[in-house]
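This is the structure I want to talk about, given as structure tokens.
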Amino acid sequence: MSALLSVKDLRIDYLTSGEPFTAVRDISFEIQPNEILGLAGESGCGKSTVAYALMRLHKPPALVRNGHILFEGRDVLSFGDKELRAWRWSEVSMMFQSAMNSLSPVMTIFRQFYDMLRAHGTVTKAQAQERTAQLLEMVGIPADRMHAHPHQLSGGMRQRVALALALTLKPKLIIMDEPTTALDVVVQREILQEVLRLKDELGFSVLFITHDIALMAQISDRIGIMREGQIVEIGTASQIVTAPTHDYTRSLWDAMPLLAQRPEGMAHAV
Amino acid sequence: MRFLLKRLGFYGVAFLVAATFNFMIPRMLPGNPADIMLANSGGMIAPEARDALMATFGFIDAPLHEQYFAYLGSIFTWDFGLSIKFYPMPVADVLMQALPWTLFLTGSALLISFSIGTLLGILAAWRRGQLTDVIASPTALALQSVPAVVVALCGLYFLAVQNRVFPTFYAFNPSLDPAWSLEFISSVLYHGFLPVVTLSVVLIGGYLITMRNNMIGQLGEDYLAMAEAKGLSDARVRYAYAARNALLPSVTALALSFGALFGGSLITEVVFNYPGVGNLLYLGIVGRDFPLIQGQLLIMTLAMLLANLAVDLAYVFLDPRLKRA
Amino acid sequence: MSDLLRTFLRNRKAAIGLTIVLIYVAIAIFAPLIAPFDPVARVGRPHQAPSAEHWLGTTRMGRDVFSQLIWGTRTSLMVGIGAGLIVTAIGTAIGITAAYFGGWIDDALNFLTNVVLVLPQLPLLLVLAAFLGQVGPWAIALIIGLTSWAWGARVTRAQAMSLKTRDFIQASAMIGEPTWRMILVEMLPNLLSIIGFNFIGSVIFTIITEATLEFLGLGSPLATSWGTMLYNAQTASAIMVGAWWEVLAPCAAIVLIGIGLSLMNFGVDEIANPRMRTLGNVAKALRIEKRLTRQRMQEASQ
């Protein structure tokens, strides 16, 4: 089975007044269809930089110096403007850390669906409203909330809206950058259960980025550990959890305080 | 609309402060204020005008607080007394004749400078560090250092005196009668061109820099990344998302700029001899027409407060987080 | 403190601005040595154009414009800086007090500040000056200073409030540090950049306002400053008769120091606000990325 996403030798620099700082050093990894890849590491290791660069959302002074991002065989880095805009959201979408910040505070929920639908094809307002209602109900939000503004919804509801937005065009890959860090544990679990349920129903891959390795271990099929711009280890979740080969990975697990003996096979413990 | 009611109350108090200031100033000088004014006038005030003058300032024979309420009462009935310079015309009438010209001047200049300045600010921020920004931002900063006096005098010199492109005074050709005719309107525009452009130049830098800074403040926010990730065009992200959110603090800054707007319009009117209320204030000071001076202060204060109120209304409309009433 | 100064001087805009301002200060200090004539003495024929003898020509009264400009620098600069100091002192004091004490003190001071902000300043100053009659430059400095502090107070308060919530302030309060010490030793040093920014902005504002008031005839006719030069030029109808030098000289003086001070402020802002500093790299990174994308597009189409 050929990979959905194949990143090869990706190198991202930040220009400074002195020497350029290499945030991502020649990393390579793959994501298969319908797979959840977790990317873990401490703050500043470059995982968010990778996430943004996959959709070419990285902003100067960051720039992709070298490498290829192959999505279904096509190099995203070689897309022209129009191609890029058409590909964005319809093939790959994204969920951000804080939904309060990722929704524009001055627009209604509906409008944030509507302009995206219009950018990717012709829809009438009525059609857009119907589709928005469908999507909101899919994530468990009453359809009439579409005329509310973001500040009128709770944190958990806003992140569900972000999830609904991400799924609108039926993308094949969703990048989730610390999607639950800003939420409390209960809501966190609900959202993740939602994601898993919809993944089984609709079929998509997830790149799950977090610094919370315990959380990641529960949800991912495969895990990659990043440190200072490089992937030090990558493998199946069970292997990373129970038999890590790299010192750094081991030190991450050792840093976690234990309540009891860690059970075998922690993956998919939802 | 509790927010608006609070603002209205505040403006009421501010107006009262201005009126009280007007009341206190002549009384804080030693001696009978009316006699002082008569003496200061250098014989320009006829003795008959003295009684009218006294009445204006509430100098009835009564204790201070009664004088104060009499004064406030006259203000609220729109009685600012009689003008000395234009005796026996009431101050209110003199001011009302001039007010439309000031409104025309400030309104046009505000519209032009705010819209162009804000638009350029958006572009300068979006393309920061590149050519648009490198030209626009330092120019705006340089303009901020140039006082209204200088802009007006330079404009007057280069375009009206030296090169006779534009007229040097008045609001329209004196030989015409005011009417809704093409001839009159084009004369108004011709005479108004330099003053309006002058005032716009004075203000535009500030609006540009404010919007640029507000936009740059938005640039790291997640909602912009999301908007771009959704596949929206650059223009849409720039205007419907970034600028729309950056507009809110810009509108707040707009309210704070009204002092500069009215101050600048005053200077512009004086330099170009434009018959607005600012010019009247100047002439009133030169001619020691104290009722006119004080009346003008109240009119200008009222204009400032109403402008601020308009901005408050606009803000409620623009920020859905305030719409809670 | 000294490495703050070093950072400031390394910033190119700040350095240029400071140089300009220092030149003005030097002119003001050494005025008697630089000016060739007595500014108020009749030394030439009226309204002479600039010549070898009178570098900037003469006024209608036959006075040397260049000498007036030099001596005027002294007055205008002193008034500007003096009033700027008053404005900054009042504004900083009110802003910090309101932020630190909070509660009803904050409400009262806020109310006062807002009232002052919402009243039209120039007409108010004019009315005041009209009743006071023609006043000397120091009186003008005082009345400008007493009416222009509001914006600085608001900005300082905002900054001080965000400072108040920082951990080290809360820690100091908990160990019982006395109020005066909290304000002077803990808070004030961290507010230096905003106070500096306010001060420089105030000086620009006060120089401009002073010149404006004098232009309108409210200054003392005995003083020599840029504003009184403009007033005399206006009453002599200098522009109408084509004596542009009488007007242009003080205009240029005001504009140039304004630019110098603005550059300094730009420098302060860049230092205090790191986002402003990376602009050169932003543009450069964008250029490189565009080039690389074009390359990749070409490679892909082959």
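For reference, chains read A, B and C in written order, and residue numbers begin at 1 within each chain.
Rule of thumb we're sticking to: a residue touches a chain if its C-beta (ideal position, glycine included) is under 8 Å from a C-beta of that chain, and two chains touch if they have at least 3 such contacts.
Only a predicted model underlies this, so the values are computations on that prediction, with no experimental measurement involved.
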If you tally C-beta contacts across A-B and across A-C, the winner is A-B
Which chain maximises the distance between its CA centroid and that of subunit C?
-> A
When the centre of a chain is set as the mean of its C-alpha atoms, what distance in Å lies between subunit B and subunit C?
-> 22
When centres are defined as mean Cα positions, the distance from subunit A to subunit B in whole Å is 51
Chain centre separation (subunit A, subunit C; CA means) in Å | 49
Expected list for subunit C, residues touching two or more other chains, is 280, 282-284, 286
Which subunit B residues reach two or more other chains?
-> none
Interface with subunit B, subunit A side, in the complex: residues 52, 55, 57, 59, 85-90, 93-94, 96-98, 101-107, 115-116, 119-120, 149, 151, 162, 165
Across the complex, what residues on subunit C touch subunit A?
-> 278, 280-286, 288-289, 292-293, 296-297, 299-300
Subunit B residues touching subunit A in their complex are 219, 221-223, 225-233, 236, 240-241, 244-245, 248, 318-321
Residue numbers on subunit A that touch subunit C, as the complex places them = 14-17, 60-65, 74-75, 77-80
Contact footprint of subunit B on subunit C as seen in their complex | 111, 114-115, 117-124, 126-131, 133, 151, 204, 208, 211-212, 215-218, 230, 239-240, 242, 244, 247, 251, 254-255, 258-259, 261-263, 266, 275-276, 279-280, 282-284, 286
